[in-house]
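In the two complexes below, chain A is the common chain; its partner is chain B in one and chain C in the other.
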Partner chain A sequence: MQHDFYLAWRYLRHNKIRSLILAACLAMITALPQALHRLLDEAERWMSARAEATPLLVGAQGSAADLVLNALYFTDAPAFISMGEADRIAATGWADPLPVYARFRVRGLPLVGVTTDYFEFRGLAPAEGVLPALLGDCVLGAEAAERLKLAPGDVLPTTPENVFDLAGVHPLKLKVVGILAKSHVPDDRAVFVDLQTAWVIEGLGHGHETGPGAGRADAAFAPLSGDVSAYTEITPDNLASFHFHGDPADFPISAVIAVPRDVRSAALLRGRYPDSEAKTQIVRPLDVTRSLLQNIFRIGALFDAILLPLGAAALLMVALVFALSLRLRQREIETIHLIGCSPLTVVRLMAAEIALIALGAGTLGLVLVQAVRAGAAEFVRHFVIA
Partner chain B sequence: MFISFSWRRVAPYVLFLTVAATTGQASAAGSPGLKIVAANYPLAYFAERLAGARARVVLPVPTGADPAFWQPSAETVGEMQKADLILLNGAGYEKWLPQVSLPRLRLANTSLAFRNAYLRIENAVVHSHGPGGRHAHEGSAFTTWLDFDQAGKQAQAVADAIVRKRPEWKSVVTGNLKPLLDDLAGLDAEMKQTVAADFRRPLLASHPVYQYLARRYGLNLKSVHWEPDEMPPAAEWSALRGLRANHSARWMIWEAQPAREIAAKLKTMGIESVVFDPCANRPEDGDFLTVMKRNMEELKTAYR
Partner chain C sequence: MIQIEDLEFRYPGAEFRLAVPELRISRGEKIALIGASGAGKTTLLKLMAGIAVPQSGNVRVDGVPMRELSDRQRRNFRVSRIGFVFQELELLEYLNVLDNIVHTYRINRVLKLNGRVRERAAELAEAAGLMGKLKRMPRELSQGERQRVAVCRALLPEPGLILADEATGSLDPGNKSRILGLLFRMTERNGATLAAVTHDHELLPRFDRVIDLSAFRR
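Now for the complex of A and B:
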């Protein structure tokens, strides 16, 4: 027996490229379904955790999935509600409202308007600098800071919604005052400003010139000369002159995270939004996320359905390769017979080769699964959650 | 000898029990304490009386500055963000509020209960800029606490806000609220009694900050816009003469003691000066109650 394995091992070593390819193919066939399921499980865990940490969400009537994705992952907002909704929730006394305004993007990253309560709610603390204190301040998520290569004290101009709208609102020069510690959630890739700063970016608030060199722009408003690089800048000189016109209750936000006091308060609050004809809706992000994940699991089942025949076909191919290799090795087998070995010895030698390849494939498959397991969280955070 | 021996043995236990009881009391009293930031002194005073030593009440406005026209720095806002409760006067008093980032869940607008009774400022400046076209910067009169009935409602709002943050303090805060409301009711009654001597007596105010005082107690009051330490220009004196043609006031109410030359010039016109300090910032001596009582005594001279 020992001699069989020794001869098989020598043979496989002699044909190492072929043996390695065979072992790698078998390893991939066995590891792929497991790796895929591991990634799906990890995605489910992360998405559920984010949703679980957001008890209730109030937003515009329409797709609940869009509302959840916008408020939790800062995707494009489908529609907006008014700030008055947050006030109405606060007035019930059943829940603490946390308004979120994820409408704008700055250099491809979401620019999110929140109140400072949001940072406490999500457990976000600055690793460098401080949280926004004044109008025009912004704080960057850890990945956003890396990507934008910015540090506290730097300036980040907002991206105009429409560069051809010369009569529109000028971009605002945001002052970076802090960088949040890495939290491995979508907040890492966002730029946060105070809700009021977001409204200034939208043009709902403005300041007045209070002296030479201070005021709305550090470059002259010169659309006639084609200078579209004029910026609104909030400085210590003009800060006090910034104000809003109209009732802030009418100003837009994309959603309100409602944090109920207890289960009863949550039920009472949900009872306030029973009408599907109303302009607003209340959703439980966990329910919506679970529904989304069910779709992902359907995709997982589809993968399984595809992988099963694919795996079978691959195994047949491997069997074919063995069969062909046996034919190619006909002379070698005859030589084994001629030196006095029984046909059973040949069978034993072949079985030893298959066993060694299977062992190699199994080990390699195990390594692959372990590698996916170790990197799944980061992969999901980077490619799925973010 | 026996007694001395017993004490030596018992003393550590007595000490332990005393410390344990004290700690227990502090815990029951609601430790950890509460950091409260107040936008003006009357609110700070209410919070101090209601929560006592359990809370650390901070008035971030520097001494001598008018909280209504104060602008917090980024560092001050950072400190305010760390507070458990931020008491706002409301009625547009905190003009800095749209320019700072504060936790909304910790803000308490103490005048919200009577927001429908806010007095609008007349003759708001109309100007034009931006896509909004012509518009006016309208606002409300904000010295709400000079109506002592409203001050009582603000004290109630402060108490409610503290209890919301520390429900375990409810009995203590409610217990402290009663004498505070009684004091404010006493001021209200005294003020009514003072003015009742002559409702129609014309009075002048150096600054438009007495709107709620005038409304609540029926003062026949017209206002100019003077500063106590700044000699008004000739045009202002002439405007005052014009005002007096239909409003023959012999007393002018000031926020602080006017400069000697201003008081003297007023005297030549037959106008005496009397100080009614709104007490928006922490007084150099005394507290809100003593300042208001002093105000009352001053005002009584105008009604003699």
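Now for the complex of A and C:
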């Protein structure tokens, strides 16, 4: 037996490319379904954790999935509600409202308007600097800071929604006041501002200078109309001139995270949104996420169904390669017969080769699965969710 | 001692027919087998080795009737008592020189590979001028060196009968002499019998007897 494995090992080592390809094919066949399921499990764990940490969500009527994805993962907002909705929730006394306005993007990253309560609710604390306290301040998620290569004290200009709209909202220079500690959630990839700053970015509020000399356009100003120029940067000197037109209760937000005081309060709050014809809806993110995950698992099952015949086909191919290699080795087999090898020994030698390839494939597959296991969280965060 | 009596052999579906009414080779004798191409020299060696079995008659090696043995018995007898140097080198390309020499020990349980055998393999390799090349692969060897490896492999079990099928064919005179010298030395040392097929008439005087197989083919 020892000699069989030694000879098999020498043969496989001599033909290492072929052996490696065979082992790699087998490893992929066995490891792929497991790796896929590991990724799906991680996606479920990751998405469920985020959803579980968000008890209730109020947003515009429409797709509950879009609402949850926007409020939890800062994807594009499907529709908006007004800030008054947050006030109404607060007025009930059943829940604390945390308004979220995730509409804009800055250099490809989501720009999210929140209140300071949001940071406490999500357990986000600055690793450097402070949380935004003034109009025009922003705090960056850890990954956002890495990607933008910014540090506290730097300036981050917002991106205009439409660069060809000359009459549109002018970019505002945000002052980076802090970097959040890494939390391995979508908040890491976001730029957070105060809600009011988000409304200034939208053009609902501004600070401007009037009179002689105004109306010019330079680094600090953008022309509004006639002799009026809007500030493009909020500084302690011009902060007082910033103001909003209209009732803040009518200003847009994309969702309100409602944190009920207890189970009863949650039930009562949910009871206030029974009408599917209403402009707003309340959802439990965990339910919506589970429903989304069901679809993902259906895709997973589909993959399994596809992988099964694919795996069988690949195994047949491996068997074919082995059979062809036996034909190519006919001369060698005749040789060992001539020098005294029995047919049974030939079978044993081949079995040893198959066993070694299977062992190599198993090891490789195990390494693959372990690698996926180790990197699944990061992979899911970067490629599946982000 | 080899005794052949009323031997008849033909390959299925072929016209070839070898008939040897009687042939005796004594222990320790060195016999050269000659004959035209297709005379049946290789076939006779295979019959002596038990690789081929005659349709009638018998080949006895040391009194053992090869025809009456089962396949397994013939194989085991061959492995332990007969050393065969093939016309084509038959070295395994994935094994180094030492592994090729001891290969028979790894594929047949009749032979036991141990330290003594390894030592003997090294001694044989040294005698064959291969000592510094035990870890080399066959592709790294010259034709003469490869042939010497094949000879070492055949001689390692210290067989009583050595069959060499054109072991010196296609070699330069220096290598021919070296290989034949090695075969003769080992044959004499172990008191073995040597039957060698050769086309090289210059080598014939070194043998005890020359048998022309053209006489046997019908």
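Quick notes on this structure:
Here is the rule we use: the second predicted complex is superposed on the first by the 363 of 386 C-alpha atoms of A that agree within 3 Å, B and C clash if a C-alpha of one lies under 4 Å from a C-alpha of the other, contacts with A are read in each partner's own complex, and residues count from 1 in each chain.
Definition applied: a residue touches a chain if its C-beta (ideal position, glycine included) is under 8 Å from a C-beta of that chain, and two chains touch if they have at least 3 such contacts.
Everything quoted here is computed from the prediction, not taken from an experiment.
Judged by the touch definition given at the top, the superposed model places A:Leu7 against chain C, while chain B stays out of reach. In the superposed model, A:Gln370 makes contact with neither chain B nor chain C. Once the two complexes are overlaid on the shared chain, A:Thr345 sits against chain C while remaining clear of chain B. With both structures placed on the common chain, the touch criterion links A:Asn15 to chain C but leaves chain B unconnected.
In the superposition on chain A, contact is made by A:Ala133 with chain B only, not with chain C. More residues of chain A are touched by B (comparison of chain B with chain C). In the superposition on chain A, A:Ser291 makes contact with neither chain B nor chain C.
In the overlay built on the shared chain, the residue A:Thr335 is in contact with chain C alone; chain B does not reach it. Put simply, chain B touches chain A in their complex at residues 71, 74-75, 77-78, 81, 95-96, 98-106, 129-132, 135, 137. For chain A in complex with chain C, the residues that touch the partner chain are 3, 6-7, 10-11, 13-15, 332, 335-336, 338-342, 345, 349. Those residues of chain C lying in contact with chain A across their complex are 51, 72, 75-76, 78-79, 84, 86, 90, 92-95, 99, 103-108, 110, 113, 153.
Put simply, chain A touches chain B in their complex at residues 86, 96-99, 115-117, 120, 130-135, 137, 177, 194, 196-197, 203, 205-206, 208, 239-240, 242-245.
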